[in-house]
Amino acid sequence: MAIAEQHVASAHTNSPDYEGFSWRSWLATVDHKKIGIIYIVVAFAFFVLGGIEAVLMRVQLGAANNTFLTADTYNQLFTMHATTMIFLVIMPMNVGIGNYIVPLMVGARDMAFPRLNALSIWLFIGGGLLLYLSFLTGGAPNAGWFAYAPLTQNQYSPGAAMDYWVLGLGLTGIASIAGGLNFIVTVLNMRAPGMTLNRLPLFVWMNLVVSFIIIFAFPTFTVASIQLLFDRQFGGAVFNPAQGGDALLWQHLFWFFGHPEVYILILPVMGMVSEILPTFSRKPIFGYSFVAYSGVAIGFLGFIVWAHHMFGTGMGPMANAFFSGASMVIAIPTGVKIFNWIATMWSGDLRLTTAMLYAIGFISMFIIGGISGITLASSPIDLQQTDSYYVVAHLHYVLFGGSILGLFAGGFYWFPKITGRMLDDKLGKIQFWLMMVSFNLTFFPMHIAGTEGMPRRIYTYEAGMGWEIWNQIETVGTFLLALSVLMFLYNAIKSIRSGERASNDPWDASTLEWMIPSPPPSYNFLHVPTVTSRRPLWDAKYPHAVGDEHGGHSKPSNVRYEYTDENTPGAKDIHMPTLTFSPMWLSGGLTIAALGFIYINKEILGLPEGIAALGFIAIGIVMVFVGIRAWIVDSRRDSPYMSSHH
Amino acid sequence: MAEHVAHDDHSVAHESHSTKFYWMIGGILAVVTALEVGIFLVESSFSATMFLVILLGLALIKGAGVIAFFMHLRGDAKIFQFVFLVPLLFAFSLCLGFLKLFSNHVGIAG
Amino acid sequence: MRKGAQVSKKRALALLFGSMMVLASCTNLPATTMYTYGDHANRILNDVMMPVFWMAIAVFVIVQGALVYTVIRFRSKKPDAPIPVQTHGNTNVEIAWTVAPAIVVLIVTVLSFRVQAANSYQPPEAIKICAVAHQWWFEFQYDVSNEECNPFSGAKSSEDALVTASDLYIPVGQSVQIQLEAADVMHNFWVPKLAGKTYMIPGKTNYLAFKAEEPGIYRAFCAEFCGEAHAQMRFRVIALAPEEYAAWKTSYKNVPAVSTGTVSVLGLTGDAARGAALFAEPKKQCMSCHIISGTAAKGKIGPNLTHYGNRLTIAAGVLPYSTDNLALWMQDPEAVKQGNLMGRVIKKGTLSDQEVADLVAYLDSMKLPVTKPAEK
Amino acid sequence: MSSSVSHGTGEAHQKPLLGSMGVDSRKLGLWAFLGSETLFFVTLITTHLIFYARTKATLAAAGTLEHLDPRTHYLGIELTTVLATLLLASSLTMVLALAASKVKDWKKFRVWQMATILLGAAFVGGQVYEFIHLYHEGLKLAPQYVLEGETVKSLYGVTFFTMTGFHGLHVTIGIIWLIATYVKVAKFPDSPENPMDIELAGLYWHFVDLVWVAIFTLIYLI
């Protein structure tokens, strides 16, 4: 297993139980690693929720004219399923892994703004909880994850559900923008000496690109949802055609954000795969700069194709042609990535660990999803396929076959680093194959059902359309898929408790996070490494197998395994920011204020309209001010210039 | 993106201007504003496009003045220019794209 | 060896799926996009979808093949294998595989643009029909002006205008241009075998031109999520030979004759004349929501029920037309179609069984002699 | 916002907080944030322009209503020219405050900073006055406005108030930030962080001014 043992005489492992558990150390943490873990755990919990919603939908669709669910319940389920999976699963899972790994990879001791980082996680959790609170207060949002106008106006969506949607996503949106800024600054400004942009690991590169996409794309969504909220709360009518508003404006604003969003979901995962393949091929990535810059190109192109979700809206042939052509161009940089990945494996020594299998599975399934994306990008073809199950197939091939499989790859790869334990590789492989088979059983037939005319977002369908057989297969597949997820859950829990201890570098990898113990001490690096090449650790281990790398040379560096913990001499001198509850106060306050905002024009708790709302808003604002005060006080404690004056 | 060697300070040394210089910029911006208002008041003596072009041009000068001198983006680190001007470019294209898309109502999916 | 077996299992699976796909496309299912009878859909299928399908298969086979081959060939065979040669890239190769997809993309783009140009053409001689979508049914108006069609324009078509709901009649062999409007939220007009989708957007007028090539009844759907009963918002397109279409039009314009006759439903005998009286009774509220030409019923909330006996389906495609099904609907609309707006007023028990039977007899008595073509 | 630590590393504290880009982390973060804000405001402005164009088209189509153009009726440019000048002047005083802080002339700094705060407050006051005035004239956060007895269906009011309201909110936040910096500098006059703290508050302040430059021209003049 531990390949590195050949080179590191006695694989010293650092005890993972270094601190013992305390609530305070988690809730008030500003450590990027703990925050990363919270992200991952919460996102996984939401994955199970979103998955259960999917299972319920699939049971309903398993037979024609089924009556397992009512129409409205089904509509709530698919809305919450997609909203959950996109905003509460893949995004935070990417952010979580990024939070943990990116600072390690660039040789930093934390994110650039640790407190802001903590604010992001609690805002995200607040937003997610707010969204799910809607189930208990009269029904979850039911207008679909892209919430097309004017269905979201008060007269068609009465009640508070849509307001929950807007404000819940609003909070996670702030969290995302704050996180994006944090990543940008961390990657650009917190790199270890010698870690030039040209030597940045590709996972870090993709996180950088994605962070830019986030801060460029979210504002339009923020504006659109503010306007929607004003429509609903103050009679604004921006998206209400009956009063002079424009229904298409919502679509344009939403997809101007929504399409870049899908690259927010996939690019970090592509970054992970670009780390995993070289490690297990025991070769450097093929064409580093092509892979990096194709990510930049995808990110850029992602901003000029949004209206390919709107070919059917009558924008006219010129606009359709533009968005159609631009969308297809994305096949080129994506193809570059895929071919370079294959070339990375070519003539390598492929170690098919579970992580590697998942990475290969990712490529394999993403090819299918990408190709179906190209057919959708052809505007005439799209007119037949849009809003049919063909789109549902496409989106699951890229989201599940892409993002989720890639996240499993990343999960298996970094689990030892994060927990200090190895996952059971054998069980992992069984799970991998089960997942591959059941994934295809669940989602491949959707291509066919869609081609046979099955519209999406229908809770029931007639018998005799030829769709039953595919739907039955899909439903069976779903249960197997759920089983495979359960298997992973079992594996993870079992391994955290009693898995084999992980050494610093169980995979014989090449990036900086593997030079320090698993899990790393709170300060990460005792000695901040000096980087002299793209594969600092590899080149230190194998000075004779470096190759003709364009961007680096194996000059001697101080990169070597560190075996340290909190008690190591010198560790105490490393100043890390202190614990603080201020981010929790702030985000708690914002969440409660948001709850109040939902009820500005509605009754709640039997109180007259507005009263409860104002109460909530007032409490929220007070909490925000408490948070700001605590923030200032706590940050003074960390500043050498201010604490001395007290 | 520009390649920066870690931990060297060469890009931060943006020049500090004299107080007089800021007053001058402020004065120029005030003059441009006055010009804008003046042109607005005599709107009818320009053709519509002319009016548009002049006003947009003046606004651009004002904006550029604020960004370049008050915010010191001119001469400051390249990375600041990158993280601000790129989204600004996106924003401009968003505006133009949307105005174009919403200016005609073809009504054919094609 | 085991891994090889796994991979070939995968290949077998792919083959299985492939053959299912072929099988699926060889069957003429009610709503498939693979058997088309209209020029709009034909062009999509033949001029771009199939060529792109084969290109996609080729790309898939090549890329997936390369992937699988690489994995099998270079999988680690010995745990202590030497470190492989460290290659970092090859600019020429990379440029080559940047250009190759570009060529494929270019071809797809050209095919798409050509079909798009042809499909967006609106023949001036096309017959104009207006389609207005409501939550959750379609209304079709014949011989109305653009303004009369637009629910937001304030212009009203005459009360006796030729209007059908849920059944769209068109002539075969002639281009028709559908003016697409929506009265409340967004909907989407889709007749898979005749034409691709076009949105029906409140406040924005869209047009879709197509030509049916064979007489027949074609399945059609609302394809955009539009609220609770979106799943049950369907319609049928009935393409008639031009002479029959003309005949249908003239006969349809005739106000239904005074209704007589009986039907037996729910074990009762319904009487059409009694039903007509019930329908006209303001307390029953039917009139406040429905129009029947030639009667006092002028409601605009629900579908136009003129010549209702000719309907193919009940409640926008939910139930096939029959007196028994109609009785089911009248007894409890909510049970037939969740969320529909009639069910908010007419609840289970609002109408007695006898009243239902009479109303069914009345609605069923308004029939015209149209020979309907077979379902395609 | 201004109180995030730049480095988790202890040793960095004694030097200016410059990272691997050779720049201050907070300043980099703020610039990127301002980049993101440009998209926020441009979206608001674009929405407004779309509906303004549509209102004009409706009025023109009605034939006799062209004189009811909401911009010429509601947005008198006297007040707004004053407001624009105030904000522009505050940008100037802001940059003077920063310049003073760089040479550690704290007396001058306090004067200019206070001037900036007051000018900003005057702007917000002016805007509140304008809002109240418009409301009484018939322009509201509602999909129509009433002019000369005619009710015109238009989203001009909604998008106008949303846009300028969010700008006003930003100005208010800016004022709070400026006050906070003022207090902090007064309390810790020899903190070497002061010039950067002031510079950050200033950057945000200039950006808010910049947005008004755009709104002034695009919304009030054109």
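Letters A, B, C and D mark the chains as written, and numbering starts fresh at 1 in each.
Here is the rule we use: a contact is a pair of C-beta atoms (placed from the backbone, for glycine too) under 8 Å apart; a residue touches a chain by one contact, two chains touch by 3 or more.
Worth saying up front: this structure is predicted, and the values here are computed from it rather than measured.
Chain pairs A-C and A-B differ in how many C-beta pairs they share in contact, with the greater number at A-C.
Centre-to-centre, using mean CA coordinates, subunit B is 50 Å away from subunit C.
Subunit B has its Cα centroid 35 Å from the Cα centroid of subunit A. Under the contact definition stated at the top, the residues of subunit C that touch 2 or more other chains are 116-117, 119-120, 196-199, 204, 206-207. Of all residues in subunit D, those that touch two or more other chains are 19-21, 23, 28, 32, 35-36, 39, 43, 50, 54. Residue positions 4, 6-7, 79, 83, 86-87, 90, 94, 98, 102, 107-110 of subunit B each touch two or more of the other chains. If you check each pair of chains against the touch rule, the ones that pass are A-B, A-C, A-D, B-C, B-D. Put simply, subunit B touches subunit D in their complex at residues 4, 6-12, 16-17, 19, 22-23, 25-26, 29-30, 33, 36-37, 40, 51-52, 55-56, 58-59, 62-63, 66-67, 69-71, 77, 79-80, 83-88, 90-92, 94-95, 98-99, 102-103.
Partner subunit C is touched in their complex by these residues of subunit B: 105, 107-110. Listing the residues of subunit B that touch subunit A in their complex gives 1, 3-7, 79, 83, 86-87, 90, 93-94, 98, 101-102, 104, 106-110. Listing the residues of subunit A that touch subunit C in their complex gives 70-72, 75, 142-144, 148-151, 156, 241-242, 245-248, 281-284, 286-290, 312-314, 316-317, 320-321, 324-325, 328-329, 331-332, 335-336, 338-340, 342-343, 345-352, 360, 363-364, 367-368, 371-372, 374-375, 378-388, 433, 436-437, 440, 444-445, 447-448, 451-461, 464-466, 542, 545-550. Taken in their complex, subunit C has these residues touching subunit A: 3, 6, 10, 13, 17, 20-21, 24-25, 27, 29-34, 41, 43-45, 48-49, 52-53, 56, 59-60, 63-64, 66-68, 70-71, 74-76, 81-91, 93-94, 97-98, 100-102, 104-105, 108-109, 111-113, 115-117, 119-120, 135, 152, 180, 184-186, 188, 190, 192, 195-199, 201-204, 206-207, 219, 221-232, 338-339.
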